[in-house]
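As structure tokens, here come the structures.
In the two assemblies presented below, chain A is common to both, partnered first by chain B and then by chain C.
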Partner chain A sequence: MPFDTDQTEKAMTRDPEEYAIRSPAESTSPPPPAEAVMRIEDMDVFYGDFRAVKEVSIPFAKNEITALIGPSGCGKSTVLRSLNRMNDLIPTARVEGKVMFHDENIYQRHVDPVEVRRRVGMVFQKPNPFPKSIYENVAWGARINGFKGKRGELDDLVEHALTQAALWEEVKDKLTESGYSLSGGQQQRLCIARAVAPSPEVLLMDEPCSALDPIATLRIEELMMTLKKEFTIIIVTHNMQQAGRVSDRTAFFSVDVDDRGQRTGKLVEFDDTDRIFTAPGEKETEDYITGRFG
Partner chain B sequence: MADTRFRFHDELETLEQKLLSVADQAEQMVEMAVDAYTEGDLEAADRVIELDSVIDQTYLDVHNAWLHLMARQQPMGSDLRRMSMLLHMNTTLERMGDQTVNIAKMAHATTGLPRVDKIAEELREMGDLVRAMVRTGIEALVRRDADEARLLPAMDEPVDRLNRDMYQEVVKAGSDPGRLEWAIKAMMVSRALERVGDQVVDIGEQLAFLLTGEMAEFDESGLGRSDVQPG
Partner chain C sequence: MSLAAPERPEVDLFPTPEEYQGLLSKRTRRARLFQAACLLALTVAVVALVALIYTIINDSFGLVAVVNQTEPEAVVADLGLDPTQVTLDDLEYDQLLGVLQAGISSGVGRRLEREQRFYADRLVFEPQDSWDELCASAEPVPGCTAGPRGHANVLALVLERVVQPDVIATYPLVPSLLNPEGFEADVAAGFEANRFGDYRPDQVGIEWRAWFNWTFLTSPSSATPEIAGIRTAILGSAWLVAITILFAVPVGVGAAIYLVEYARPSRLNDFIQTNIYNLAGVPSIIYGMLGLAILVRVLEPFTSGAVFTPGTPPSDNGRTVLSAGITLGLLTLPVVIISAQEALKAVPSSLRQASMGLGATKWQTVRSQVLPVALPGILTGAILAVARAIGETAPLILVGAASFITVDPSGPFSKFTAVPIQIFQWTSFPQEEFRKIAAAASLALLLLLLILNAGAVILRNRYARKA
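Right after this comes the complex of A and B.
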């Protein structure tokens, strides 16, 4: 069972008497996801001696969108980056606990982080196409993953990825033009095409719309709803309405401050998005989504 | 704790206060309407009709303010549930006002007809019971007390019973056409009071939803269908 870890239980348990606005009696646990593709189990993330995130456990269900929300400094991006070992690139970063991808802990010594990142793709906050053609931006992902097919097969792969990213119709006649010639929203969809080209199972998105205008944002959100049919998506967003619009489940993170003023991110609550935004179980979640925090 | 959305929360509070004063007024209108019918007090009847037009205006004002808040503030959590409650309350209170107007119109339609004392007495009893329900609903709301709201179905029970049995009193009213007409119209008054009772229970259910996050109709013991029975 993906929900039986201590932290999740702790996040789901509440004492109704504690709150003026009481918690629903029956919302103690969301229906378990059909199949968790990834699962964080009792994870702490350290930067040197500094514990940035503590005791996080979350299952990520197949073909669902899970949103990670919370105030600045709550560790949600750190958690996201731990899912494809992007934190490895920071020399002092250290992960304790497990991050399971299917049945394998991706932090085991023998696991190749490059292979992890092929299967768990990532889209960043700011569109970051390479200074290359639109075609090469997408083909790159396949190439570095050792694509050995014929040119025609690569063409098909590029077309498929651009179609998945809902960009093909807009760029099919200018594939040799620079990725920089596109608008911000198009560039972000190009980055999504690049991320899906190696056929990952999981797509991590770190604030993918924060640099985009509202229309481009809505297009990306619509795209996410389509992409989840093929991928499992985990998104960090500051925009609660966005989390509400796109995600199936939401994990709310917050910050504990100790006596020495050290701030450590923690998972407060993980539940169905409907539940989190209408009747969350934890007072901290309620305070955050209704704007009462300080 | 800092409330970063204090303006929005102030506006919510203002809407709720408006609706609470409408509920207060509705309680008085129930009293006036019952007096109008049972004592043939047409001045009271006219006053009810007048006050209802004020409720109708408040209904429109609250509805518009509610739409603005919804569009601009995109509330979540207990704010969202409170918005839901206020929207329901607004509609329900407007209908309660309409029911008292129905009674007031019956008073006009029966001017000069002889009354049946037993029926008048029972209507007054129903009016008192319903007014107590409105008061209980208001207090539960002000105190944010779901347990108090859960008393409402039990309070509604005698109202329902009096309404159900009203036709027997009408049968006993005798053959005098005037008395009979007054008694038959009294059944409609009884029905209107019974509806007001149900409407107060609805408001109680909305309050329970705000406080617990569970939307469920109260059964007679005041428990929502999805509530867990205590020990």
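Right after this comes the complex of A and C.
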């Protein structure tokens, strides 16, 4: 069953208060949200009996970049992957709570995860182009999703996506070469082109620069700044400078360890990136940001 | 959070430099020893392979002592030609046929003509009116429709029926090359010991013979080893391979795709997985029992082709090439599944995630991303498994491969024999010549395997390059 896209309008007129995230200490004032494309509402993620993430609620504003940061094992990648139901691929994974896309919970029974993933694209940690030509890498996503255009229109789509990923100038003469023939940074931009080609609304990025050198990282960051005009971007990063440089809002996660040694990720604080980095509401956030933790 | 580093013990537990030097040379010696042991293992393997090839080739070629019922020179001389200038091969078709007519009874001649006639426009042995009657009957003989025999065919008939070479003694390849005089001495000794019956020493000709030759590959089997060939067996094996591939590859790859890509971990799946591994180790004769009980007996209407052609079943029982092919398919199935599973598991999961993340369905992911990457591995595993099946003998004996058959298999419902069966049969005969043609058939089987494996390598390289 398709999503009702008209509800975007309704989402725009929502009461800002609704997006307020109350951290346990009630110490921060909620950031003024723009129109939220996606919202996590009181979500827990389980792997079997193990609760990996608890009680997360975050709104993701349209045409903004939201960064998810936190120490290793805090569940930020799990949260990211719950946004396009990639966790479904892990047989034991289970999500409780709601993930709203516009005004519909993507975990409702009648929602097909295939459609969710088509509208919420993803870029992975390690560049993972298909072992096909550069052209095919970009065109395939459109083709399987029923792209109706003729050959020439598909060519235009590929060119547009590669241009959006700032890769067109470098590859326009070798579109038939294998995606593996590119450098690591180029491969990651190819993966971005591949993700944007079916024109999703949201782009999830799971530590997209962790396998890249600083120059390639900088290019991807610049690219994200242009891409956010068209897409809503949610990025997981280990690199706090990166979160500070590119993101509009930041969610800080950390880990609770219970008596039995089980580690459960939790959202500590969600706010404007500037505030998180200059005047965090939580002691834990401040310790992490200033490098006294993790 | 900081962990307290474990305290270094007061006493230094590491060896002193002198001790270390001693230990080092000991370790190096041990490393060399294991390297030598591995090299030895490799040598044993290579020697075993070389010995195998040596035995087969040694028996497939060599000197033979032949007694001809009629000397080819005498045949040529009878025609008024000079035997030093002309050989049998040089004779015209009409001349050969004349020799044949003189050498065989008219009954044998009629039988040969009914198999295949000698001239398109006239008959040689059969009277015209009885021929017309034969061809007008409900079951016309093959000669009514087939074209006339050629020169090579009649030459072979003259050799078989008129010259009638009888190999009375053979010598393997290596002694034939190194010590040909030894063979002559052996033959002479054989005459003195009266081992050659009524033959006289002056009738014996000693000549080279390649038991593995083109005529051997293209002739049907025969009770006379000198003229027996393995065409029927090779065609039977080819049919078996084709049916085995058609059965085992689609079923095996499909099962592997389900197990790797779709099945969620569960007790049942663990059970199935374990049993696939167990099935791969089940002795082939047990598959033969299965084939006999299920395919030959229970499914007889199907495997004999009776259900497809009501009225006149193509075969009177289920002992057909189809039964045997499916039995071999079942035999190779576990290996095909396992190797396909390994190939699919070797595809990085990042590829599946990338594809699923784009909004592809499971099947689109498997079809367009996973299978192309896994295909070279799947094909290699499948072809190696099928190559293994070519050499299987035990299950074929159980499902009823014919031990002596001269009719080529004509379809999935024909009776059949296979190369390993033929080898098995020939080695059980007492005459030395049968052991020679068994060796030649082994060589043919090895070449068949070589061709299949080369096919696997070519396929793998082609698909690997595409990716």
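Assume the second predicted complex is superposed on the first by the 264 of 294 C-alpha atoms of A that agree within 3 Å, B and C clash if a C-alpha of one lies under 4 Å from a C-alpha of the other, contacts with A are read in each partner's own complex, and residues count from 1 in each chain.
Quick note on the criterion: a residue touches a chain if its C-beta (ideal position, glycine included) is under 8 Å from a C-beta of that chain, and two chains touch if they have at least 3 such contacts.
Owing to the predicted nature of the structure, the values given are computational and were not obtained by experimental measurement.
Chemist: Check whether A:G121 is in contact with chain B, with chain C, with both or with neither, and answer first, second, both or neither.
Modeler: second
Chemist: Figure out whether A:K172 sits in contact with chain B (first) or chain C (second), or with both, or with neither.
Modeler: Neither partner.
Chemist: Which partner does A:M86 contact after superposing on A: first (chain B), second (chain C), both, neither?
Modeler: Second partner only, chain C.
Chemist: Now for A:H102: first (chain B), second (chain C), both, or neither, which partner does it touch?
Modeler: A:H102 sits against neither chain B nor chain C.
Chemist: Quick one: is A:A195 in contact with chain B, with chain C, with both, or with neither? Answer first, second, both or neither.
Modeler: A:A195: touches chain C, not chain B.
Chemist: Given the touch rule stated above, what does A:I289 touch, chain B (first), chain C (second), both, or neither?
Modeler: First partner only, chain B.
Chemist: Looking at chain A, which of its residues have contacts with both chain B and chain C?
Modeler: Looking at chain A, the two contact sets are disjoint.
Chemist: So in the complex, the part of chain A that touches chain C is made up of which residues?
Modeler: 84, 86, 89, 91, 114-115, 117-119, 121-122, 124, 126, 128-131, 140-141, 144-145, 191, 194-195, 198
Chemist: What does chain C use to touch chain A in their complex?
Modeler: Listed in rising order, the residues of chain C that touch chain A are 264-265, 348, 350-361, 364, 368-369, 372-373, 467.
Chemist: With touch defined as at the start, can you tell me which chain A residues reach chain B in the complex?
Modeler: Touching chain B: residues 20-27, 240-241, 244, 277-280, 285-287, 289-294 of chain A.
Chemist: Using the touch definition from the top, list the residues of chain B that touch chain A in their complex.
Modeler: 1-5, 8-9, 74-81, 144, 146, 210-214, 226-228
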